[in-house]
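Structure, as structure tokens:
A, B, C and D label the chains in the order they appear, each numbered from 1.
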Amino acid sequence: MASFFEYAPDPDAPASQLVYTFGGAEPVAQIAPGTFLSTWTRDCFNGAVRTVDDLPTQVTDPRYLNPQTGPFYVEGAEPGDTLVVHFVSITPRESWGVSTTVPFFGALTSTPRTATLQAALGERTWIYGIDRAAGVVRYEARDSDLVVELPLDPMHGTVGVAPPLGEARSSLTPGSWGGNMDTPEMRAGATCYLGVNVEGALFSFGDGHARQGEGETCGVAVETAMDTVVLIDLIKGVPTPWPRLETDEYVMSTGSARPLEDAFRISQADMVGWVAAELQLSILDAYQLVSQTSLAPIANVVDNDYTCVAKVAKAHLPGVEPYGGIHARLRAAAAVWKRR
Amino acid sequence: MASFFEYAPDPDAPASQLVYTFGGAEPVAQIAPGTFLSTWTRDCFNGAVRTVDDLPTQVTDPRYLNPQTGPFYVEGAEPGDTLVVHFVSITPRESWGVSTTVPFFGALTSTPRTATLQAALGERTWIYGIDRAAGVVRYEARDSDLVVELPLDPMHGTVGVAPPLGEARSSLTPGSWGGNMDTPEMRAGATCYLGVNVEGALFSFGDGHARQGEGETCGVAVETAMDTVVLIDLIKGVPTPWPRLETDEYVMSTGSARPLEDAFRISQADMVGWVAAELQLSILDAYQLVSQTSLAPIANVVDNDYTCVAKVAKAHLPGVEPYGGIHARLRAAAAVWKRR
Amino acid sequence: MASFFEYAPDPDAPASQLVYTFGGAEPVAQIAPGTFLSTWTRDCFNGAVRTVDDLPTQVTDPRYLNPQTGPFYVEGAEPGDTLVVHFVSITPRESWGVSTTVPFFGALTSTPRTATLQAALGERTWIYGIDRAAGVVRYEARDSDLVVELPLDPMHGTVGVAPPLGEARSSLTPGSWGGNMDTPEMRAGATCYLGVNVEGALFSFGDGHARQGEGETCGVAVETAMDTVVLIDLIKGVPTPWPRLETDEYVMSTGSARPLEDAFRISQADMVGWVAAELQLSILDAYQLVSQTSLAPIANVVDNDYTCVAKVAKAHLPGVEPYGGIHARLRAAAAVWKRR
Amino acid sequence: MASFFEYAPDPDAPASQLVYTFGGAEPVAQIAPGTFLSTWTRDCFNGAVRTVDDLPTQVTDPRYLNPQTGPFYVEGAEPGDTLVVHFVSITPRESWGVSTTVPFFGALTSTPRTATLQAALGERTWIYGIDRAAGVVRYEARDSDLVVELPLDPMHGTVGVAPPLGEARSSLTPGSWGGNMDTPEMRAGATCYLGVNVEGALFSFGDGHARQGEGETCGVAVETAMDTVVLIDLIKGVPTPWPRLETDEYVMSTGSARPLEDAFRISQADMVGWVAAELQLSILDAYQLVSQTSLAPIANVVDNDYTCVAKVAKAHLPGVEPYGGIHARLRAAAAVWKRR
């Protein structure tokens, strides 16, 4: 029996009161497995970049970027379990979104890590119109007149739990705990599996994007506050080493690391092991099947570690229903709930 | 007016007589722009791996892997031009294809570059049935009974011209001259643009795959000999820095480098410059538009350099007809030719 | 006037009571700038690997590796200041040290990040005799009779402060806060400069090595408990972006990142900026001088990020006395203290 | 019995007539093993950058950079042999050397591979005075008055043979065949071991540096023409997978790859195998000994691949005389020759 829990963060709270780490923060609420959690998330700038004249380095505090909603203490979650987060709906709260360039941040600029002596690229802001009814995000060039209507495709850049080893990790970073993976696959209809590292899992999420290219090349998607409903569940005694995703059509493994080939390796090795276990294949047979069937969409090449997704159609994996078919059950429960 | 040229390599020639480099080989024929070139390519093993009992290290000579058909001298091609290769048809010649693991080759093993002290993974061969009529490639597990029918999706792993700076590069390596990019996007219906580095361009291709996952994880796709028709054209005085692709729906840039993020950067930076030029956008406006629209499918993470593709739907680039709309013209010419 | 503080950790405390993060731990003591701090550090295995029959995966808990002594709250330290740690003496506590291979850890093996499907290398333990009087560390081969006497060269692998952004980072990881840099340059006579990120700095250190090769190739140096004296000082209002080191002969910058070229870039860019500031050179002139004079010894290629050192002889930097000449003053104070 | 051969390239030959690849060029002369080869090499700019007003992009042709002297056909050399190149003397021909920054080239700038959208760093030239008698290289700042005298330390950046697989590789690139490794260890007194890939080996070298920092950070050392004498020898039937170096005090392995950690891995894995063979150690015992003794000076982080050196003192490898003690014999022969 699914229950329902609404968590409504204060829209007027100062940025300094939000949470910016996975791990190291006190839970804001406790929820039971089987709960529909309805809440909302701020955009990555805490709403401070609202016009083309607002530049991130002028209107935001670098300590307070990418605020998370949560963490939520999930009852019964213990290390070695798998937290299940099914995205029921992800809806932009506003009729606008924002993207920017940020000095020394992004894939096509030097950064504090890929350090060069060059001057920064220009800092600039783009405001996108969002038309939820039409399903459209409107790009407007700054230096010429081009306007392009792009499909609305809402997602969360950041979804995760507390990391292992007592670490607290910035919400700007992805890893085995999830975090800032920035994959467009994290959309409504997807189920995300996260290994639990601490009691209560301490799940949080944020960083809504009205849409995003693969790789998030300039480092900033179409950022927007989101109204989101997730259905939370828990699988006891089954570990998940790296975040996985499932939709009606695909199973996906993620890896986050630098260099990017290591993110690819992690995601593909996880998929090979997963396919071998699900189809009772030898490792070499699974390696072969994954090699000929896996898609490999890049998620981000801009965060503290880069993220890659291994994505295999279930049609190529006959009979696979991972984690005991929980995705289908949550999809059905979500459908019932939406019709209520 | 398109002409037609058939080049029929000798199927009985010993492997040592084929060509294994881009650059450094004499042309096998001369063709004019506007020519339909009909030919065939051997599989990457020169056909030597034919049963599950054939292991690459036992039946092949490491000096003779990935044979190319060509090179072809394209009349009038000079450094600074762009060679245009439209893939009219790519059809497996045989009713079977082959994949293998190869010791210390592939993404999920150490290699001579990512050198470790570990023992190699097992070497193993899989034979796939190919049903051209049904459009099916049949995977058969070696250690259990699983059989999976996968969609036939023929492509060429290797397409390129002679490199600059007097280099001759192994057909196992991708780069700015094309070469072993191993992207599944190189399928019939696609047009490939290659910058010319030497007189005559010296175009060659090979490495047919009945299908391939993105990343080509184990290093070997479903390898097979191919009957292929390409329509060759030439754009004078327009350079192309890295190989690009166009289909009816997408424009694509490639980059090949290590680490993989540099392949991503090359492909995305090329796409930003290309979009800026085509839409007369400022570089920052193009960076923004590409960031929100680009797909980033990985091509290979196994060759001497890794390859990444930046892929943007033309629907998001209003009015773009790159290279003067040549793709559409070649598509139309190919359609006429197919109906002949 | 230098004061003296002895902090004597309990040798019998269980491993679970030690500290394994930078950030996220309560200070064990408060010290004033100008204090000689005399203490000791456990080896990275908490002393659990003592004979060649002790294997790390059997006798240690993976949650409790690389224990730190500290953290120490330094009076007056605030974000934007520089903590100064001069190593007065580093002396092995025992007459033995230990090194091991660890499955899927080290530079010449696949790891959970550079993930492959290969089997692990063998796990094995080497016990080294340490002769403090003779200054010798004795290597003994396990599979044959070779014995080699190597110079004793004690150092600390781990030195750091709490990181910024509210993070708590595992003591297995290096970064801008210091941490597990694993550079042999961290020996007695060196002064380490660390940027302060939180009030009190929260300095800790550990991971003593009787000696270590550059890169720490197998991932484990000659690990040993250490009796160590450091002289702590504080420079107000002067930030230090990445850990720096100074000896009588050299100034050094460190960088920690993946891939390794980014660690190199960070360290070299920091050195260029440092040299430009110290010698009042333009950035390009400093870039040129550093390019022709810098040594670049690798520190580690095995930890969660890799560390590189940029090392320039002061003889090539006429008149440079960084941070107001504090290194010379601390050296002198340490000499007085040693003679006491 | 050593013979003597002088090869005097024409100083007036146009740049286009020089050789810029390893492989793909006809030999300029044939020499027998045991020959002292006396010759000279141009600087990397063909001598075209002579004053601070000469900028590389204005006075050089990008097709003609890093000219090589050679290739030399070594009698009897066959694939599977090892070519031995002992550097008897390396002496600057001129009283000046030159360094520059080059747009989009170097470690602290974006490049065509690490592609960003930023503007290039400024292009600038520094002229160094060279005083051979005093052993001094004089740095002069361009934007202020600083002058620093640095030790003269002549070396060759480029030393190599024809690569395998029919490749011809640009002299700007290092690899298993040697090439543009840019290690300061390639100085007089050192012996370089190179695996032979083609008949006659086709040895060439160039790219003299009056001195160079480790990493060659800005991409250009103190470039100068060199008068050089090498003593050439050949070891039949003994392969060398990657270039190795030996001096009176050290044995060294090199690796060249991207990312830099792979260059490290190659060099260390080669050293582990080498030490295991020489000392008849198990691989794990050699891994351990190398881990505690190896230095890891970076060579270059600017060329098409990066180069790292593994460097172990012979004092730590009791009794090691690699390649049958040939280094000592060549040293002795060179000493006799110098006294002639």
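Side notes on the structure shown:
Going forward, contacts are C-beta pairs under 8 Å (C-beta built on N, C-alpha and C of every residue); 3 or more make two chains touch, one makes a residue touch a chain.
In UniProt terms, the chains line up like this: A, B, C, D = Amidase.
The shown structure was predicted, so the numbers you read here are calculated from the model rather than taken from an experiment.
Taking each chain's centre as the mean of its CA atoms, B is the chain most distant from chain C (Amidase).
Judged by contacting C-beta pairs, the busier of the interfaces A-D and A-B is A-B.
In whole angstrom, the spacing between the mean C-alpha positions of chain A (Amidase) and chain D (Amidase) is 48.
In this assembly, the C-alpha centroid of chain A (Amidase) lies 35 Å from the C-alpha centroid of chain C (Amidase). A separation of 33 Å divides the Cα centre of chain A (Amidase) from that of chain B (Amidase). Among the residues of chain C (Amidase), those in touch with two or more other chains are 108, 114-117, 121, 258-259, 265, 268-269, 272, 284, 287. Under the stated contact rule, the graph of chain-to-chain touches is complete, every pair of chains being in contact. Of all residues in chain B (Amidase), those touching chain A (Amidase) in their complex are 99, 101, 107-108, 121-122, 124, 126, 137, 139, 141-144, 146, 148, 150, 211-222, 258-261, 264-265, 268-269, 272, 279-282, 284-285, 287-298, 301, 306, 308, 316-318.
Residues 108-110, 114-121, 259 of chain A (Amidase) touch chain D (Amidase) in their complex.
Chain contact summary for the complex, chain B (Amidase) toward chain D (Amidase): residues 20-21, 23-24, 63, 112-117, 164-170, 172, 255, 257-259, 262, 265-266, 268-270, 272, 283-284, 287.
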